[in-house]
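As structure tokens, the structure follows; a few thoughts come after it.
Chain naming follows the written order as A, B, C and D, and within any one chain the residues start at number 1.
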């Protein structure tokens, strides 16, 4: 079913998907820590490409800015500082390979099984070719909804339903507060402390 | 007590190992071949160790086989940015040994030439310091003016940079006719240009941020390390050999009205309207050393103007150089002169023959540079070129 | 353009063709831009330093100088240091050029003349500009030498911290025009120059200068060029590069300068809308005429972007360099609070609907509303949802109708 | 010039025979100090209220040795090494010259450098001067903060400014003579 309808969209989709998976594998198999970080950057970047392909520019740009532009910059930053001699080459011995294969394989099975159980995904999707790139939905309604105005549901006829739609302001605020608390906690926990038995015994 | 054996939690900083970094010898900001070995912890420099000697040409050993007049070209190559002042120092030292009487006209000629050399050297110091801090344009403005001075030197003695002009006994040639008028024309057009330099660097907010309060050196430390010249006066020590130097050197400046550029009881001399000292600038920091050099340029202009008047009114010949193999009396003599970078001393020991037994050159930058170890401790990596640049060192003079 | 090709060939091939054409055009912008800016930087630097700049290569004004540089770079030997991480070393210049090239995608050169009409163009631009730091970090690390490591780290710290104020300054044109799509922002500034966002209110005027500072810093130029501080780090991250590879870094730098000043032109200076609306009538005339109007707009936009780059070049050759901690303090202690203050100021200006210079130009009132999103303009059902922004938003759209 | 004779008298009164002598006829008069007393004299000169020689201008080494025997007989001096200290005061604007006479080799064994106490504890600037005298003239300074060659490479043999110095045949492959 994949080869039946060859068009630009599927070609790009396959391209991005393949790069994402290959580089993710690259992260696993490369021993040089800096190369590992760089492969991670490329795989997340290509998943951002997938979002753009699906027409969700807002989420794609979000992925680029926050994931790749933010966290991975700091990750590469950290890796660069520590990637001296003993951290550079990390060998995984045989035992760990077996364990990781087992756990990884199990997770893969679960995912595959879930993917094939979804009905629409394995029937040939006739109107896939209509999903032209420019049919992307505008992001402004999402922005307005985040600000508490559900502009995309203005045409809702019955008053009762429309009243209930107060937009996503409340969950948005809760999530940001939660994130702030987590960050402060992480900073506090990461404080380097060393427990030392009282050396002199006395007071 | 109960808490005796409870574990004591010690806050530890993340263990970082030091980075040994090599700045130089072929590094753009180290004014020639100076190598600084820096131990840095991240951006903080914990230890600086200067390595010199890359430009050592054994000038002192060669001095033991040449007559004093033949050694003059070697003194040019020591501080190649102020060759005239070097020749002056060595000539005065030899004349002191010979107890040689100098004609009136030669004295004023030497003052004019030495102060022109000072301006040229300070221009390079200013331009190169701008380069150290990242701005390229002042360097070119400075060299535009310096070119004019070098043209004047070329007319006087035929050489622009290493111009072995001032020799024991006077100078190799008299000033050509029309030279004084050209010199005056240069000074007239140069005065307003200095305001440009002040606007570009001295009062520039970013320049002040990069230099004010950086590399602060107390007066006691400056004296203790033997720093001299603008580096010493930048720390507020009122010491200028043109006024408090040796008799033979200060008599050259007799009759010249000039004030020593130093911050005495809170303010610099007010004979011209200089830009004000910014509040962030602490006495003895990089900014003050730069500021003293800029003010000395204006001071040198006044001296040259007076020198031109004296030279015009003085009579007698311009001081022919002494014969090549004049016998040097037995004895030893040491004389220091106020060069643009500090006090350049020459120590001459003779055993009665025409060739000195020992010639020793005391370099001002040698002592100024010895301060970097203490001054750069704990500063940021970007401050090292700022501090070393403010000491305005020339490797030729340090390594001799 | 895609529909035009779609008549003659299947949809997929048509889209590929349009994509290739716009990619080639944008690559042309990158190439020509870099060549022009190399020449312009040497000339402007010359003028600032009271000298002539290149005059001998190709005619009186030395305009072939960039070609000469290009050939020199091509013929230079491409050496890689011994203990460099080969693959990353070779990859870094491309990783640095790719984001700034991708950023051109979302930059509108004229009404509709844009690589890809993204609805969230501003957000996309800021995201992609942040990626450029990867090329520098990798170059810094892969060159193996301590100096480039320093350069790479400094650059990473600087760009990551300057993304924050850059984003805050970018948000102000967005909420003033109610949309993130740069084409709409550009179109909303049609008409006289009073309609430009920079003159909308004193806060946007101030925020433009904050934006310009952050843009200069995030592009690593002028007083903030820490990563390649010649005096301390020799040349920072691209010390070990030579020849063509080095020229990629150079092209990336000039191109992101163009992108950033282009963004400033669209967001604050009305992009393709000139100070005086000469071509407004032609645009409405339809037929071939709006292509001419768009062409004039495109030239207008490019002139403004080049003006921004000239400003950056001018700043570079006059100001000394800041120290790394001063750079970060200007970012956190000056740019971020200032941007926040202007954000609140512009927001309250918009909320209390205070007059902006554009109101005194008589026939301009309708200009802005005409372009607003359809849902904001034609709100059919009356929304009686709670007070606060939603009411304001609905009521605001009626006023503009 | 200092006040000359009276200052010499005060020094002699204070340090007795450790002031070995003086030469006031020379254009720059100097005072000769015993090698073991140099640090004490220098500290006195720096801290004494009316002397206050707070700046050490220069330390130089002079080698009195006539290599070729023909002139050696007519030489008016017997071979020795001199370390000359030039001091000046930024307060009283006076200058002073101190000299220390050292044997050319320590108790005349060829190759063992003469020793002298370092005045780096008095003036911190002396450290570099002494390193240069050690490097070029070959005088070992005891308790010096870090005595190693300053101008020449670390692994250079010999001290060039000595009169009997021979340039090495080659140095790391570079032909000397």
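Criterion: contacts are C-beta pairs under 8 Å (C-beta built on N, C-alpha and C of every residue); 3 or more make two chains touch, one makes a residue touch a chain.
Please read all numbers here as calculations on a predicted model, not as lab measurements.
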Identify the chain pair with more contacting C-beta pairs: B-D or A-C. A-C
Greatest Cα-centre separation from subunit D belongs to chain A
Whole-Å distance, C-alpha centre of subunit C to that of subunit D, is 67
So how far apart, in whole Å, are subunit B and subunit D when each is placed at the average of its C-alpha atoms? 26
How far is the middle of subunit A from the middle of subunit B, if each middle is the mean of its Cα atoms, in Å? 61
Hey, how far is the Cα centre of subunit A from the one of subunit C, in Å? 27
In subunit B, what residues contact two or more other chains? none
Within their complex, state which residues of subunit D touch subunit B. 26-28, 54-58, 60, 62-63, 75-76, 84, 86, 88, 90, 93, 95, 97, 123-125, 127-129, 132, 136, 149-153, 160-161
Touching residues on subunit C, where the partner in the complex is subunit B: 45, 48-51, 146-147, 150, 223, 225-226, 229-232, 234, 317-326
Subunit B contacts subunit C in the complex at 19, 21-23, 27-29, 43, 130-137, 140-141, 144, 200-201, 204, 206-207, 209-210, 380-385
If we count contacts the way the header does, which residues on subunit B are in touch with subunit D in the complex? 52-53, 56, 58, 60-61, 96-97, 99, 221, 223-227, 237-239, 244, 246, 331-334, 336, 343, 345, 347, 349, 351, 357-358, 360, 362, 366-367, 370, 374, 399-400
For the subunit A and subunit C complex, residues of the former touching the latter: 6-9, 32, 34-35, 38, 41, 45, 57-58, 60-62, 64-65, 68-70, 72-74, 76-77, 80-81, 83, 129, 132-134, 136-141, 143-144, 147-149, 151-152, 154-156, 162-163, 165-167
